[in-house]
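Have a look at this one before I ask anything.
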Amino acid sequence: MSYILNRILSMLLTLFLISAITFAVTNILPGDVAMMIMGTQSNPEALAGLRETLGLNDPLLAQYGRWIGGMLTGDWGTSLVFKEPIAPLLIQKMTASGLIVLLSMTIALVCAVPLGVWAAVHPNRWQDTASSSAALLGVSLPDFFWGIMLILLFARALHWLPSSGFVDPREDLLLALRHALLPALALGLGLMAHLTRMTRATMTGILNQEFIRVARAKGLGEGTVVWRYGLANAVGPVMTVAGLQVGYLFGSIIVIESLFNYTGMGWLTYQGLLNRDIPLIQASVFVIAAVVMLANLLVDILYVLVDPRIRLS
Amino acid sequence: MKLPAAFRTSKGLIGTGLVIAILLVAVLAPMLIPADWATKMDMRARLSPPTLAHPLGTDQLGRDLLYRVLLGTQTSIFIAGAAVLMSIVIGLPLGLISGYAGGTTDNVLMRLVDTLLSFPALLLALTISAVLGPNLHNTVIAIGIAFTPFLARIIRGEALRVAQMPYVEAARTAGNSDSRLILRHILPNIMPAIIVQSTISLAFAILAEAGLSFLGLGTQPPDASWGLMIQASRDYLDRAPWTALVPGAAVALTVLGLNMFGDALRDALDPRSKGAS
Amino acid sequence: MKRRDFLKSTTALMGGTVLYGLATPAFAATPVSGGTLIWGHSETTQNLDMHQTGTASTGRVLQNVHDSIVTVDKDLNVIPNLAESFEQSADGLVYTFKLRPDVTFHNGKKMTSADVKFSFERCKDPATGAVNFEVFNAVESIETPDDLTVVITLGSVNAPFLSRLAENGAGVIMPEGSGDVQGTTPIGCGPFKFVRREFGNEVELERFDEYWGGPAYLDKVIAREITEPTVRLTGLRTGELHMINDIPADRIAEIEGDPDLQVVSWFPLNWDFVNFNHDFEPFKNPKVREAFDYMIDKEALLEGALWGQGAVTASPSYPTSASYNHDLKQRPQDFDKAKALLAEAGYGEGELSVVFKATTNYPYHIEAAQIMLEWFRMAGVNATIEQLTWSDWLSQCWVDKDFQITMMNFFTLWEPDFLYYSLWNTEGAFNYRKISNPMVDELTAKARVTVDPQARADIYKQVQTIIHDETLDVILWFRNGTIGAQPSVMGLDTIVHPNGSNLNFHRVWLQG
């Protein structure tokens, strides 16, 4: 328990660091929010007035204090360009992104584990070569390229799935899933390839270990040996790697969501960056970093619960 | 001289072949092909499919995709290489000091690195690129910084492992200074891991450059880079799929080559990880 | 006759809406009420406050929620709207508006003169941050002698005042006291009520049954915000969308040939020009600016960047307006002349280097910049491009005036004072090129106090001649606007506002 407590305490420290870094970096962004709001109609007097109203002239530390205070009390400010309160906006967009991230993680794990095991059970045979080559190709292409190919195939050529857009699952679950499927696949293919390689490596290592040989010698069926003894021991490491990839996924959604016009966190963050909507960038970068950190923490804790030995190290 | 066994597998051979071929293109193409061939437009042959005159077709401004992809190789390789180099230059001392010193120094440095690792690399690179303004050099800096925490973490782990080895202990007892210990005993022993990691990072950096350019925050037109070419192809996908396929294939071949080469390199230099993918 | 030629002959210089695809009898059919129209909108809406929003995209949607005190007919004459009549005193200083008695806001309240006073004063107040606040600069008082009369007194003659009230930016009437909610839930008296916006995704509008101009046909309009052109087109083709605006330029010919779709195309949507920074040493010399003009083949550039979807012009005046100067001709591409002019200015081959800043907000500007770059190089000028996001373009080029050469587009500003004073007067709000030409300054100031329309138009024609002769900017072209729609969408001939940018769904209907 003390291990978990420790982790949570250090998480709070990290969260504080994340907030400081986010604030510092976003504050040196060039461009001016006041200008973005006024567009081509900007003029010096109106701009100066607007800057004052928005509090952009206050000292940095005061602005940081105001920001972090707001984040803690649930007042995440208002998007300067879009005039919407940020907190509900982020929650809504995070749900949208959560859907494709979870979906892609599921697709990746469901396909990668059997493929990896299959390759590990047949080392250096055609099964291994086929699965490893496919996985290698998978990690070698940018995810947005996979996205483009998926649009061409499933939306343009076959008309099976919509090419773009986001539908709220609470309105129409089936339609929401149809819209989420292509972006999730585009995200998941690279991840799947990566996890296949990991599963194969881990399983190969485990299958060469003493206890597997003992199990075989005892006359247990090969299926039982591989799935009951082998895979059970591979789950931990594979889960860890999958958890670490949450960060990678939240980077990829920026590109994928803008490609599929899927209006989630990645899309929102990119819009914020393009429009220099500083409050929006600050809140969304902070939330993404926090979610990634939480996912890693969760994996660590799960890992401890599954494998108590880790507590010693 | 005989090739190490790891390079005599088909994977090792293909990977090495691809890496050499791409490096040759990156170096030779700009010497053999005049630079303006990649930007020369032909308005009568816009979005032309592959023909004898344009073996890989043309883009929306009638520019030859073969020349663009060949001349773009240097841009993409340069950005990826310089970015990885930069992340090593920053990450190596950080990782070494952290792993060797341990204690509070290690704690503080790694807390910082962990914090940075919570920011997805692409998000970090995008933000930095937005801060600095998009151009070739800033793309290198953005990717370089974004990759640094990852490298620092790996190097720290390796340094920690090597620092605890009996012969390092022995050298320490013999009265060697810290800097001598680090430079003479630890660094050479973690070199293989660094080289392997750099090769893999190089592959990721190529993908990152493509992603940044795809979002308009990387290389600037009319210069050719693979990511920029894919980005420009977006509006013409169903009319002219080759405009996306040509640069896509270039990225795939390069990253594939680097990954295979990296795998073989790991097997050759780092016997502990034998069997790992 | 080829389409291009047709467009050119009809538009050589009269604006207009051209429909393709369906046999015209469809328009004779009797309109029916009902149905939800799903529109694939090309841009994301931003701040929904009509006074504060500077983006055409938001104005396009809000056109259906709001109404202005006066408006314009298709020949751009100011005509009554929420005011059933208006008159101007002989000295040009007092404007009296008689309001319609039957106008209801979406909140159920009747419109009165108090609402007009509130709206105009809100726009004038610098604290509001209204983009068109300067329209009211000369206003001394707004009086409301009774519920349906508004009297506005100016301190000095401002010839364009009435015309500027014909668009929602300054002329919109909002219910008194609604200022705080306009940014997120706009209230007006237009044919549609604002229902909700799912940010970045869609805006929902619902028919307002008590609309003073009679209820609209459509139950609802849903504006899906789809910024990717090809994605928008795919949505139209698969039937997910009823209509889209801004068809990708390279696909228009293909869609026009498609019997299952209709295309509305009009002219002009906006106009583009290439800008020189008049503070950048080489561009202080008119010969250098003229040399750059000679490097640009405008027809070829239009073809290259916009696949020919527009018409080249030497004047930025609205094509049908009285102030359009028909005598000006664009300079042809001539590299020898360009090189000779550069040499006269003291720049030999390879001695001049320029950076072209273009914004990714208009992807065709990036294409155009790449094409021009080739020509600049052919004329012996070293040139590079810097791609800027919209916000960076605004801060670097617009506000800090930190650029050498750039390009921009403007929606057709049919009101000539708005156009020429703002853009070319030394004091103009849109003069980001640091242009300072005494003749232009004098003429644009004179036009402001010239009430006679013909005399005013002549002054603006002189201004255009100076802009062209001195190559203050290089005027390129008017760009076409396009809408693609399913055959079931009717009444599309009424959808485009005379300003060429706004879309009005009041008379649009869906066939069963």
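Going in written order, the chains are labelled A, B and C, and every chain counts its residues from 1.
One rule holds for everything that comes next: a residue touches a chain if its C-beta (ideal position, glycine included) is under 8 Å from a C-beta of that chain, and two chains touch if they have at least 3 such contacts.
Labels paired with UniProt names: A, B = ABC transporter permease; C = ABC transporter substrate-binding protein.
Note that the structure is predicted; figures quoted are calculated from it, not measured.
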Quick check for the class: compute each chain's Cα centroid; which one is farthest from the centroid of chain B (ABC transporter permease)? C
Between B-C and A-B, which chain pair is linked by more C-beta pairs in contact? A-B
Between chain A (ABC transporter permease) and chain C, what distance separates the C-alpha centroids? Give it in angstrom. 41
In whole angstrom, how far does the Cα centroid of chain B (ABC transporter permease) sit from the Cα centroid of chain C? 45
Express in whole angstrom the distance between the two chain centres, defined as the mean CA positions of chain A (ABC transporter permease) and chain B (ABC transporter permease). 22
Sites on chain B (ABC transporter permease) at which at least two other chains make contact: 130, 133, 234, 237-238
Among all residues of chain C, which ones touch two or more of the remaining chains? 228, 389, 392
Residues of chain A (ABC transporter permease) touching 2+ other chains? 30, 156
Could you pull out which chain A (ABC transporter permease) residues touch chain C in their complex? 30-32, 35-43, 45-47, 49-50, 53, 81-84, 89, 92, 155-156, 159, 162-166, 168, 261, 263, 267-268, 271, 274-276
Residues of chain A (ABC transporter permease) defined as touching chain B (ABC transporter permease) within the complex: 10, 13-14, 17-18, 21, 25-26, 28-30, 132, 135-137, 139-142, 144-145, 148, 151-152, 156, 197-198, 200-201, 204-205, 208, 247-252, 254-255, 258-259, 269-270, 273, 281, 285, 288-290, 292-293, 296
For the chain B (ABC transporter permease) and chain A (ABC transporter permease) complex, residues of the former touching the latter: 111-112, 114-123, 126-128, 130-131, 133, 203, 207, 210-211, 214-215, 227, 230, 233-234, 237-238, 241, 244, 248, 251-252, 255-256, 259-260, 275-277
Chain B (ABC transporter permease) contact footprint on chain C (complex, rising order): 228-230, 248, 250-251, 300, 303-304, 360, 363, 366-367, 369-371, 373-374, 377, 384-387, 389, 392
Flag every residue of chain B (ABC transporter permease) that touches chain C in the complex, lowest number first. 36, 39-41, 43, 47, 60-61, 130, 133-135, 216, 220-222, 234-239
